[in-house]
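Shared between the two complexes below is subunit A, which has subunit B as its partner in the first and subunit C in the second.
On to the complex of A and B.
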């Protein structure tokens, strides 16, 4: 599955960049994130509890930052195992651009899931992934002093 | 399925207390979604608190123009209730279309509504008929109750006690079923209430769960006929896309099923 979207966040590019590299901010903006600990400047370990309707699965995994080009772009990727529920992995290319009134954040996400979660069918998975992305960026925008961000996420299955 | 501890709640307070005492508890009603999920090991609550034996959650009554359905009423009980059949025949018919006989004899209205599956039938009924959801804490309009795919305004320890429906002037529900699961690919409830207002609620199609179609409501308020909605379409942008149907296909179904629902209402 692939998703892309863009948001205009009313804060300077440096401020957005710092937020995107701050484990505390990331933790608060990832829905269901129980812990996110910095192992090094580019490695974090994470525990995320995903809850969709009756399904509840805890994923343990790693988050890695790469292709660092401060303060304009990076790639954030992660993978986690949810026990019997299956696995999830994905990455996002995030780029920041200065625009009037703030910073335009654009991202392209690719995500894969496997195991029992995948058997649920993409009806749930696409909608859920889109919701996680929208929640994450609207939380980030609010933390940086904005209201609801403009724009949103478009999802497509492949 | 992993080991879990079953509790039978004898009252609303007992249910809340038992859930509060559990490490990772869940309320259980008919179990037609939750138990299947647990058997798949996609959920593993330590404790299940059965709500179906609580007296306040039982029974279906007709009082004047209001039908009140206890949350633990099964789909079969709703389908075969004289009160529902006489005041809201479209609701009785809808309940008879849910799932298969096993689901209809075990599954409950409260359980279905609390789960808010984006393809379940009851959310369209509640929103279309402008129902009120009564919990152990408050009363919520259906519009406020459903907040997104699998999401409701319910708090963790909040229990649906009953759901009340105003008897409409006319109402029709039509769904295009997935032949395997019998879930709605698209289901539309078209309702004219006795105060003259019109409501059109769609389930199965929207990626954020049940939604209303204001353009159709306005057109039907002026002219209650299938032709009035025939040229009104919804955008595929917000529709579900999966192996059963593309967003464009579901958007098309919304108009088709709306026409049929209006025709069925008469």
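On to the complex of A and C.
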């Protein structure tokens, strides 16, 4: 699955960058996130309860930050295991750009799913992932003092 | 024909319990202290198993045991096998990889089991299965059979280099090339026979039960062949010797081939029962588990060519097929794309030379094995798509091109082993064309055109081989077992009759049709007859039901036992009535002295056999006989199907306007049941052609059609009201004159439908399933090409 999108967040680039590296902010803005702990500057562990169509499961995973180029871009990648529900893994290239009225955040995701998630949810994954992304950036934007962000996400299975 | 005998439309005796919900399936069986097993299955298509941590699962509520592939290996439980040896063209034996019931080190498809969790309840077992931590190291996967042998493709089994299981040929290559060299016209075609998921209504299930005191196992199982299951579990898996293993196949809700095979779960449940102190372990597949782990069907990639002379007679056929056998070789997988496929490539036609090459390959997908028709649908699709395409290229009527090449002299020896014993292919083609008003089609097409619709008509003249199978013949071709059948006829002292058969009914209606034969022979009512099958403790032996063999082989065995019962009863009746044995006739349920009014009812003779007060000198008491019957040849059902479709060019939606099936099944015991079999077969064949397609994501190896949300089964409103009829040539090979009808519909219908669709669309490259999207896209590109 591939997904990309961009949002304009009404905050400075440094503020957005800080937020994207703050486990507390990430935890609050990822729907269903039970815990997110920083293991090092570039590694976090997470527990997320997620639902894709008929499959609902708790995913445990690791998140790694790489290609760090503060405050303009990084790559965030991770893998979550949901036991019998299957797994999801993937990565996103995220970049921040100063624009009129705030910061434009653009990202491109490639992801792979397996197990029950793929068996039962493959045609629901795109729309679910899009909703997770929209919810995340909406939350992030509000946290940074703004309203709804401008922009959106396109998803496509390949 | 009596009211209940040969040819009577007797209502099914088994329907009362099925319709009222009183059937007794494996999951209905509750044993004392029974536990429930749930499998931990790989979410990856190909991976190394680095470690399995069962400690958390073992502490979960209700858990009785968690067993892994390493435990299985430590107990020296043997792996599963493929029972039909195929040799490659260089003489080397097929390359079979090991298939443990639980994978220890490597998983090879999504659904490959690595552990079984046993708990007090099914829910507890499921919860605990989620807590088993498996650390996988992912490996690249290959799912496309055409890419499995490519350089750099991931290696799936160390035993099969380059994933090639065998490279097999049949026929005379040089002679076939010679025929092509002299051809006036050659038609070529590339085909994919789409992978299918069987989807029996009842998912697979097993209960393993171990009696510690007797050291005896019992397996309750959704199997089409309980004795074969016992044989494999004893001789190859090494679970227990045969006298210490009973296999019971109770009511089974459909099989279509997928319940022939000996799967990992049977081994695991039996072994797990022993490991948990003899408590029975029940496992029932959920639907997605069935999608993942039932042996799939078809999955061929084929290039085929047919050569004609200037008079449009077929000179030769050459075929090259890659067959996907999945991640492990299932029980009969090797025979399906070889001896059940290429031996039928002559179709209904006199073809002087045929040469076929089949490469069977491993991929990271569910194992592939026999599914309704098993090889014959694939062969028929090749032959009948070729004939239709050739007729279009040659500019001749497709029916006439077929007719010109029909076999008309019997017996007919084909260049690919089979010797057709009887048939009248003109008769079934004539019947089908007449019923379909083939001559009136151009007018109907014009009328549809005026409404903006696209009409097409397509034919399929199929032949198949049933009555599997003459033991010596299949033995010489690599079969690991004989394919005879056995029967026992027990006449009780009150004259009621129990027939024990080694075949198995999972929808075939044995309880009705077998009883009809007893009525035909002895004149006793069918409700005084019971049919017993599906239990190795009751039935002496048997090879089960598949390949439409129950009547042609199973009932022939019953026939032989009836001969023996009749001979003994006549001898006794003659003795009791003080008449000559040769004067005794059996009519209307009585033994009569011909030309007199002296008679004894069937039950009176039966009672006399058991009281034994007055038996002829040397006669043993009782009236019970057994038999073994080995057929001398396959049987050859054949027929002609006509399909007419109308397409809405705006949406690509296909409506099947009419479907005519004219089949020659030999003599027919119960026309109602035969019609039911044809209807079901047609639904499955039309499902393959129009709706069903099993899809693996080629990159990740994930099965993305693993539920009825994504895998489209045919429903009543997808199907027309079928117009089915039969023509009859008596099968000379068995005492009943029957051929078999269980698979014909699924064999003959896909090419008829695709021939009709390609006729309507005006282009030949339409893949199955021909979904509205594909039909619409094909119409768009053909109109673009025309513009």
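To be clear about the criterion, the second predicted complex is superposed on the first by the 154 of 158 C-alpha atoms of A that agree within 3 Å, B and C clash if a C-alpha of one lies under 4 Å from a C-alpha of the other, contacts with A are read in each partner's own complex, and residues count from 1 in each chain.
In this text, a contact is a pair of C-beta atoms (placed from the backbone, for glycine too) under 8 Å apart; a residue touches a chain by one contact, two chains touch by 3 or more.
No experiment lies behind these values; they were computed from the predicted model shown.
Participant: For A:25, select first, second, both or neither according to whether it touches subunit B, subunit C, the two together, or no partner.
Facilitator: neither
Participant: Answer with first, second, both or neither: which of subunit B and subunit C does A:116 touch in the superposed model?
Facilitator: After superposing on A, A:116 lies in contact with both subunit B and subunit C.
Participant: Quick check on the superposed pair: does A:1 touch subunit B, subunit C, both, or neither? Answer first, second, both or neither.
Facilitator: Neither partner.
Participant: Considering only touches as defined above, state whether A:84 meets subunit B (first), subunit C (second), both or neither.
Facilitator: both
Participant: Touch check for A:139: first (subunit B), second (subunit C), both, or neither?
Facilitator: Neither subunit B nor subunit C is touched by A:139.
Participant: For A:47, select first, second, both or neither according to whether it touches subunit B, subunit C, the two together, or no partner.
Facilitator: The answer is neither, since A:47 touches no partner chain.
Participant: Given the superposition on chain A, which partner contacts more residues in subunit A: subunit B or subunit C?
Facilitator: After superposition, B is the partner touching more of subunit A.
Participant: Starting from the residues of subunit A touching subunit B, keep only those that also touch subunit C in the other complex, and list them.
Facilitator: 84-85, 116, 120, 122-123
Participant: Per the contact definition, I'd like the list of subunit B residues that touch subunit A in the complex.
Facilitator: For this pair, the touching residues of subunit B are 33-34, 37, 40-45, 115-119, 148-150, 207-208, 240-244.
Participant: Under the definition above, what is the set of subunit A residues touching subunit B in their complex?
Facilitator: 52-57, 84-85, 116-117, 120-124, 126-128, 130-131, 157
Participant: Contact residues on subunit A for subunit C in the complex?
Facilitator: Interface residues on subunit A, with respect to subunit C: 83-87, 112-116, 118-120, 122-123.
Participant: In the complex formed with subunit A, which residues of subunit C make contact?
Facilitator: 40, 43-44, 110, 126, 129-132, 288, 291-292, 697, 699-700, 702-704, 706-707, 709-710
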